[in-house]
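The letters A, B, C and D name the chains in turn, as written, and every chain counts its residues from 1.
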Amino acid sequence: MIVAVKPDADTRSVERALIGRGLWIDRFEAEGRTFFSIAPHSSAADREALLAIPGVESVAIKKEPHPRVRAQAPSISIRGTKIGADCPPVVIAGPCSVESELQIFALAERLSAHGVELLRGGAFKPRTSPYAFQGHGAAALRWLRSAADAHRMSVVTEVMGAEEAELVAEVADVLQIGSRNMHNYALLKRVAALGRPILLKRGMAATIDEWLAAGEYCLLHGAEYVIFCERGVRGFDPSTRNLLDLGAVALLSGVLGLPVIVDPSHAVGRRDLIPRLAAAALSAGAAGLMIEAHDDPGSALSDGPQALSTEEVRTIVAMTFGSAVLTDKEHRHG
Amino acid sequence: MIVAVKPDADTRSVERALIGRGLWIDRFEAEGRTFFSIAPHSSAADREALLAIPGVESVAIKKEPHPRVRAQAPSISIRGTKIGADCPPVVIAGPCSVESELQIFALAERLSAHGVELLRGGAFKPRTSPYAFQGHGAAALRWLRSAADAHRMSVVTEVMGAEEAELVAEVADVLQIGSRNMHNYALLKRVAALGRPILLKRGMAATIDEWLAAGEYCLLHGAEYVIFCERGVRGFDPSTRNLLDLGAVALLSGVLGLPVIVDPSHAVGRRDLIPRLAAAALSAGAAGLMIEAHDDPGSALSDGPQALSTEEVRTIVAMTFGSAVLTDKEHRHG
Amino acid sequence: MIVAVKPDADTRSVERALIGRGLWIDRFEAEGRTFFSIAPHSSAADREALLAIPGVESVAIKKEPHPRVRAQAPSISIRGTKIGADCPPVVIAGPCSVESELQIFALAERLSAHGVELLRGGAFKPRTSPYAFQGHGAAALRWLRSAADAHRMSVVTEVMGAEEAELVAEVADVLQIGSRNMHNYALLKRVAALGRPILLKRGMAATIDEWLAAGEYCLLHGAEYVIFCERGVRGFDPSTRNLLDLGAVALLSGVLGLPVIVDPSHAVGRRDLIPRLAAAALSAGAAGLMIEAHDDPGSALSDGPQALSTEEVRTIVAMTFGSAVLTDKEHRHG
Amino acid sequence: MIVAVKPDADTRSVERALIGRGLWIDRFEAEGRTFFSIAPHSSAADREALLAIPGVESVAIKKEPHPRVRAQAPSISIRGTKIGADCPPVVIAGPCSVESELQIFALAERLSAHGVELLRGGAFKPRTSPYAFQGHGAAALRWLRSAADAHRMSVVTEVMGAEEAELVAEVADVLQIGSRNMHNYALLKRVAALGRPILLKRGMAATIDEWLAAGEYCLLHGAEYVIFCERGVRGFDPSTRNLLDLGAVALLSGVLGLPVIVDPSHAVGRRDLIPRLAAAALSAGAAGLMIEAHDDPGSALSDGPQALSTEEVRTIVAMTFGSAVLTDKEHRHG
């Protein structure tokens, strides 16, 4: 925003009033006129309230860049499970990649028993090295759907390329766009056109504005709903892998009223820190958690070191029940 | 660590066992020998446990770079208030800079009434611009001490330069080293030599290893104790100012058993997100919170937009009482 | 690499020999055995040379992760213009987006007259905002090809999505993968399968290793050749937009012998710094430059502020002629 | 800057004119009024020129935050060697730390013979680990001065702490402030008060604005002159250690007319890339280079892997003679 001060007003008292509202300002002068620009990291400000400050002549604003994202409902119901900034938090759990029919059925059974309502699992795996395991594809999708159906769970899985979008949409309740594809506008359009809810992971160095813009793409091109997912951004210190940005989570959930799922598994990459970061994410306002689970991490075909056992996932689920906004599990299905 | 595999062992089974323990490994081969290096972002690993894996010949380790930090007691008592990874969390609150005797007395009274036991306030203010307010110096120190004494509070304040170290030590219970001075080894030595507890803020782009090394400097040169303080690192997105690194907090408190205070005020810079990030910090394992407070942020001489009112600080203190490890306020003084 | 020292050797003399070769090492000890690990930012080291150091028992290495990239020829000829680490540098120039037939013909004529041999221009434009101009698509591709043919230029243009890959391949001599798609493995495979040379832009926060891995994907899946393109990585200071990583350029061209084009337009974003950074890129070993050009930047439909006039491009071309490795323009066609 | 458009003017034509000048703008609207804010990464803009655009009502500016830095002369003469944005580039070379009298005398002799006019060397060494070699202190200073005097060289050395400032000032021609101390305002004031020229290294994550502000501190508190020194900023990829920011060098030297020395040794850390980055720095407009030199890097007490031999320094000096702005060595002493 740009605040223009009336020519004869007391600029210092306008300045105090702006700072008093939690705004970081810069002051600009021209031929007896004073303007204040408001930095993007300021507290949320209401234009009408600023106009009411004595001495303020006008408050100019930028065109809202993400109108559809801002107009979204605060929550969505996926097969009866509500996900949103105003709902009890959910847990999405499952293996990094679906490795066999047996594996995903066994995991689904245990995860469901522990209270997990959304099952995740990769069918097409994007790996940095072209020589690493790339996923079981279409077969994995079918196993995932059957395993979920057997326990009345919903399926969240990633679409890696436009050519597999329809295939994935046949089985998935929520279509995931991965971090590496957040800026892949061709894929966003194609997946959005399927008219389904999208779980949009933040790009590894995407600003919040770029992330919201990707969400706007999805909604503009037909997506039913966009759930955001923070999974850590690229930092300078390898000792905690990625940097989980809970400030962004607090901003999206607390100020913009948007649903944000947090993926602590990819964020921190090490099993022993996941429970603490999961708890922190819930405190920051996350609408839910996405957790990698495996029953034998040592033999996982991908990302074994960050997978939790189903027992550990149970502890994570218990955390969400302890969360302030939650009353009981049934409430979610109400 | 480097794990050497016995020449005739099954390298794949050693590999699985390492991954199964949450370790990210790289594999190296030489003339029929196999070695695994373990990445720094791996889960904590015990050398004896790795040696017990069938097929492992030896596990080589680096010399512990921070022996004094690792040997520190888990907590310290400051005038009866215990601070540590295993204690109920504390709140350190006060103005960015001490602006007048009246101001600091009024704030101390209200903060104390709300349960704050440690009073902070800047006497010598390091500001990026040389033309900004630089603090009231020695007078501010005296006001701070008297205000704290009037309410049986402890004083935490920053030492900016070697020449003022003794002066600060006369009034402060805990000597703070600011972010901008974490790498200032001359100052670390000088302050450490005073033999007092130090609150060591993390440098704005310091790795965890550099931060611990700075703590080691302090202990080696005579500091009584080092309390670490995370205040956000430099990120690429201005819309949340700094990036609060709660992964580092979880690592220091949960794995290394070190006390870490979190400063959400500097981390996020905007008042409306501070409560959520304070809650997240406690969930991640913070030993306490450091909060900027002011009764009229609009007229603050520095950092007004991020200051909370004393009423808002009361809510933050209530959070720490709700924290799992806390039983009651008296317990702390026990 | 991991260097194992013989049990009875003088470990200090091995250490000196390693440091003396420009290697940053870490020392690990186990039951009387000493190992050194070599950091990735070390000078290039030859395994045989390290084995020849007295006291070294073995030198273990990781499997080469990018064998096809490392085996690539040092240069490629595109319609007679050679591009490579060992060739005179080339200039690829043109508008951010092709705005009209007239525009691209006029630009091609002038750029060709100034010595530019490769014409670039966007047909499908990925824009952060879904409401910004998205390109003229198929028509733009035809105009681009005709304009290039009229002046015997080659065409470099971006493939944004799998569905347009064949269409682009009909007109382009080099298929560009943009920064935002470097991690889009589905697109890499699809474009690679066309069997053509690829210009692979580095992702905005991609490590060098991830960049090379993306190149390996392309070669594994059928690409004829991969030319790398550095365009600035995401940094923490908005005042120079992106951070041009010329260390990466020096590494790829000088140590790995790979062709790297530098795009200073996107890196720095401001017209007045482009010539200096173009010169610096050539000094660092760039195989060429990619420059945005427009004849009326104020009316450009995208990225006007960073477009150079054709006159300014002439100066850039002159720079490449002044470069040490260049003898004459004809030589390139030899 | 903020550009206010006249109420009845054609805002689109004002917009075009701004973009046409290389400016990145944001548009703000209020009750029929239009304002444009100009982003900091825009090309340099002259206020008068913007006021002359038809339709512009006023152009508001921020108070110049660094008036003394902006008012500095473009160059300074150190014992006859001119250093500045408009002078032939200089080379400052020497060991990371002064290890013995013999060492520094031998190095000074060879470096001088190769054309180096400024000798560097650390007397008090700030090391991340408190257990690493910390320098020979006062003795090293005397050796450094004598060695320089024997060959009519100037001395550049770092002041690590306020207590040693006078001592260093007795021998040094230029007082260096290291990266880790750029934000150490107490030290800046103390060193500045000595009234000598300062070489101010950029903090490892300092924005350009913070770097200039530190320079302003120095000039405000008495420094004779400030030479800036870029040494790489912290990035996310360990494989090239730090990220040399030549965009910042081009900005300071080419737009602001300030002298910037580049230290490629610390930036890239690996010997084999230093010559290419040195050449790139000169092309970007560096006023000189700072190079670590050692005659037996394997036995260096600090930073051996990045030290060049004196022979290699000769090649670097030759580069500066080949630079466009240089005529001959004598010219510098003219």
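Here is the rule we go by: contacts are C-beta pairs under 8 Å (C-beta built on N, C-alpha and C of every residue); 3 or more make two chains touch, one makes a residue touch a chain.
Everything quoted here is computed from the prediction, not taken from an experiment.
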* To do: With chain centres defined as mean CA positions, report which chain is farthest from chain B.
  => C
* **Between A-B and A-C, the pair with more C-beta contacts** => A-B
* To do: Round to the nearest whole Å and give the separation of the Cα centres of chain A and chain D.
  => 41
* Structure fact -> Rounded to the nearest Å, the gap separating the Cα centres of chain A and chain B is 28
* Structure fact -> Averaging C-alpha coordinates per chain, one finds the centres of chain A and chain C separated by a number of Å equal to 32
* Give me the residues of chain A that touch two or more other chains. => 205, 209, 234-236, 238
* Structure fact -> Within the complex, chain B is touched by chain A residues 16-24, 39-44, 205, 207-209, 232-233, 235-248, 250-251, 254-255, 267-273, 276-277, 279-285, 296-300, 304-306
* **Complex contacts: residues of chain C adjacent to chain B** => 1-2, 4, 26-31, 33-35, 37, 58-63, 234-236, 238
* Structure fact -> Note: in the complex, chain A contacts chain C through residues 65, 124, 126-131, 160-164, 179-181, 183-187, 189-190, 204-205, 209-210, 213, 216-217, 220-221, 234
